[in-house]
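Data first, discussion second: the structure below is written as structure tokens.
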């Protein structure tokens, strides 16, 4: 029997050392692992480096909670509302160091680690000040003699991924857009899968072409229904747009953020209690079903 | 209305210029586009460069048919039986030039083209004589100071891909293992999709996470049921093992290949006639159905 | 998707942002593959594909590929209506690979600051001595570097127009002329800027005023720029024109895609 | 998957290839991720996961990941029984990426020629003046370069054992000693060779005779090599042993997975 990796959110998050590099928000605005992020804040696991292309407001929340000292990302803010106020305050106050990327350079940095190479080349970034950031190296490509940017690998200690269904083994199905999820899973030393539903391995094996996260890559599986709220999860629930706007309104100053976090993070003891606080029904009302696919022999 | 790209195999293949670089056999032993390959032979489109990791016997057949002058591949033979006799004869007779690769270097070369970069680095090949082949460049990586191999991009003129279902637009679903299919589709200038079945675009759109070949990448869609025989297609038909063994037995000398090709390639006017010649029932007898997936809002 | 055009595109009766969407939609040609990101460009794509560009495709850095408008309002590119019945929901390397290969015809960009050569800054600005941190590039730098052409949308606010941006998040034409080629920047760079008062083209890499929106004055628009702004007259000999108003069909579509005016109210 | 072991693993009653599969299966440890390719190693994985290594995983360069034996005979890694109810059917970059990251514990290799340091040639050989073209690397070079350890399976034929292979398709320990480290070759290199007559280990990168199969003579085996082959006695002081025979359970499984002896008849 393969190992059963299911555990509680609190136990899974307790495995993360302060000072770790954590990649999250990997499917961009889709399926952001907010439940896992909030548990990081509750446990106060500090000095984290956060990696991701954008994270909608997840990184802003972790910065506000004081657990992040560094962000390596392409963008940090609030997609609906623009600014992430905690992020701005922390950078402007000198409390947060930022490594500036583009989305593609984050993807390539993770893919480099996933392919076991020190860097990947790209012709993006050329001509921008991002290319001049210290982590990159602009050079001449030896085949065609054109300028090229070498993007160094980022191998996170942990990647957090939220999926629709996973087996206790860690084998998982994720659908809808995936952003840099698979690159991060392969790049990371450890992977936490939070899932709307834990299913039998047979369900996963019924459609192996949908499985791109497999057990050797996964350390822990946590059943966390509604675990991506307020971000959307394909086939499950819609984005809670009002929540993002209310978050922006509430967090324009530091006290506002603290009050918000007292209510939504520290004031709940887990995702069930959190869920009860969200009064809107976001569940998918008009499901469309994927056309049948068979395997067999 | 998006363009309808369906056409006949003969018309699609007639678009290919002699001297072209054609990538095929991209899912390795799975879903090899034999029907398209045989039409290349029938039309005698010559001086081709063939690109792929392995192709089971497809490349051997095209070499035997005299339409290939160069192979850029990791392996060429007969997976069940070992040798590809036409390939051996042509190389030993000086009629075929070979660029030696590993499977991974083929994948990286295609991925480089797919990412619009002149090369990708790898730590594979190091210490092998493959790394010393003239197309590669062994150098020191500027970040960690270790030796690394730079694999130059391969951008084929055409990629041939066989799938289970495609819309007339070119948007397609392929399942089962995919090898380097998606890399090649993105690397190639033109893509020919041969499909077990042409379906409504609605079928494709019902499961967008299964769509990784999209219309902008596709030039022609040809309905070719049984088009991968004797290779297997997930959910459709099994590998015709006896056929591969019979091919090996029949093609040990050049005359034998000619007789084989007269029967199976030149002696049939298309895939329907070919199919009638195959007496074995290879169809999937014990289908397993993928677990349900929904989208919606 | 049915339009309710009545044939009369009356002056006024639309917001400046609706005007921007309408002008941006016209920058998408039929058959284009467009990298549209979010907000106004996303709506512009939806208008274009519903009107003059039925064969246009949209790709989003999150991995979404669509050939038609989403059936529902979108706060973000990943809202479920944008995923549902998409052509493909895949990953970033897949869609950014298309950009890197040169397969994206037009990309849309915004910015906090733009300079004379269309370089954009969304990373950090100064307000007096205070440095203000902005969200950053997201995919903008990649779109700016690698699209065949880009179209920039910005609110028309003089503080956004600067001689030289403080940080080049998204390169335009750099220092003008053949700068992109000299720097090996692969894509073609900005072809248009659409603000809430005017539209602009680029000549030899430099911004010039092309049209002003109805009711706007060309001289007043030019005065919002801290350099001597060139105009269409300087470039082609034709005087600065008036931006075509949104058609009723376009307006009706904008209001279908953004029924509460979340993005398109001023 | 049920075994029909009766407790007596009698001498004989199995083919040399069944012996090779059995010995190869023992090289897979429980929990290993194994890159198994095809033919005998594939059957060896199926035996191992059905017996002592229930938590082993197999990956195939075509993109298949499995945790159990296929329900049906396999000519190739892509035969439908190997895809059906796999854990994952994905692409080559995905599985080769695992190899490149160092996540593959053991990889299996074959070869037309092997030399003193475990370098393998599957590209071209000479027979007298005639150059014979072989199929090439496939994934072998990648597996040889990047697996934590590799296990080599070959028919025991003296012409296959050469002082130095003509073409290094798949690097072993190069010139012996710390050669891999000096050359930045990432994986650990060959840990075992299994032939139809014997098993071999590597010491300081050099091949040595570890065990001979029942009925084989160590001196005769060593005489098949064109150099003075070292033995376990030279390396550890223990005399060359006898390879453990296949258990009845293992034999029964081999015959279940290869019912017609397509791969395992001699």
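So that you can tell them apart, the chains are marked A, B, C and D in the order they are listed, and the count of residues begins at 1 in each.
One rule holds in what follows: a contact is a pair of C-beta atoms (placed from the backbone, for glycine too) under 8 Å apart; a residue touches a chain by one contact, two chains touch by 3 or more.
Predicted model, so just to flag it, every value in this text is computed and none were measured.
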Farthest-lying chain, centroid of Cα atoms versus that of chain D: C
CA centroid of chain A to CA centroid of chain C, Å: 28
Rounded Å distance between chain A and chain B, as computed from the means of their C-alpha atoms: 36
Whole-Å gap separating chain B and chain C, where each centre is the average of the chain's CA atoms: 40
Overlap residues in chain C, where contacts from two or more other chains coincide: 64, 79-80, 83-85, 89-90, 93, 99-100, 146, 186
Multi-partner residues of chain B (each touching 2 or more other chains): 115-117, 122-123, 146, 148, 175-178, 182, 204, 206, 209, 234, 238, 284, 288, 295-297
Chain pairs in mutual contact under the definition given at the outset: A-B, A-C, A-D, B-C, B-D
Residue numbers on chain B that touch chain D, as the complex places them: 27-30, 53-54, 56, 73-77, 79-80, 82-84, 87-88, 91-92, 98, 100-105, 107-108, 111, 122-130, 146-148, 175-183, 231-232, 234, 238-239, 241, 244, 284, 288
Chain C partner contacts - residues on chain B that touch it in the complex: 1-3, 113-117, 171, 182, 186, 202, 204-206, 208-209, 211-212, 214-216, 295-297
Residue ranges of chain C touching chain A (in the complex, touch as defined): 38, 60-64, 75-80, 83-85, 89-93, 96, 99-100, 123, 130-142, 144-146, 167-171, 174, 179-180, 183-186
Contact set on chain B toward chain A in their complex: 115-123, 137, 139, 141-144, 146, 148, 150, 152, 164, 173, 175-178, 199, 203-204, 206-207, 209-210, 234-235, 238, 284-297
Parts of chain C lying in touch with chain B, wherever the complex brings them together: 33, 54-55, 57, 64-65, 67, 71-72, 79-81, 83-90, 93-94, 97-103, 146, 186
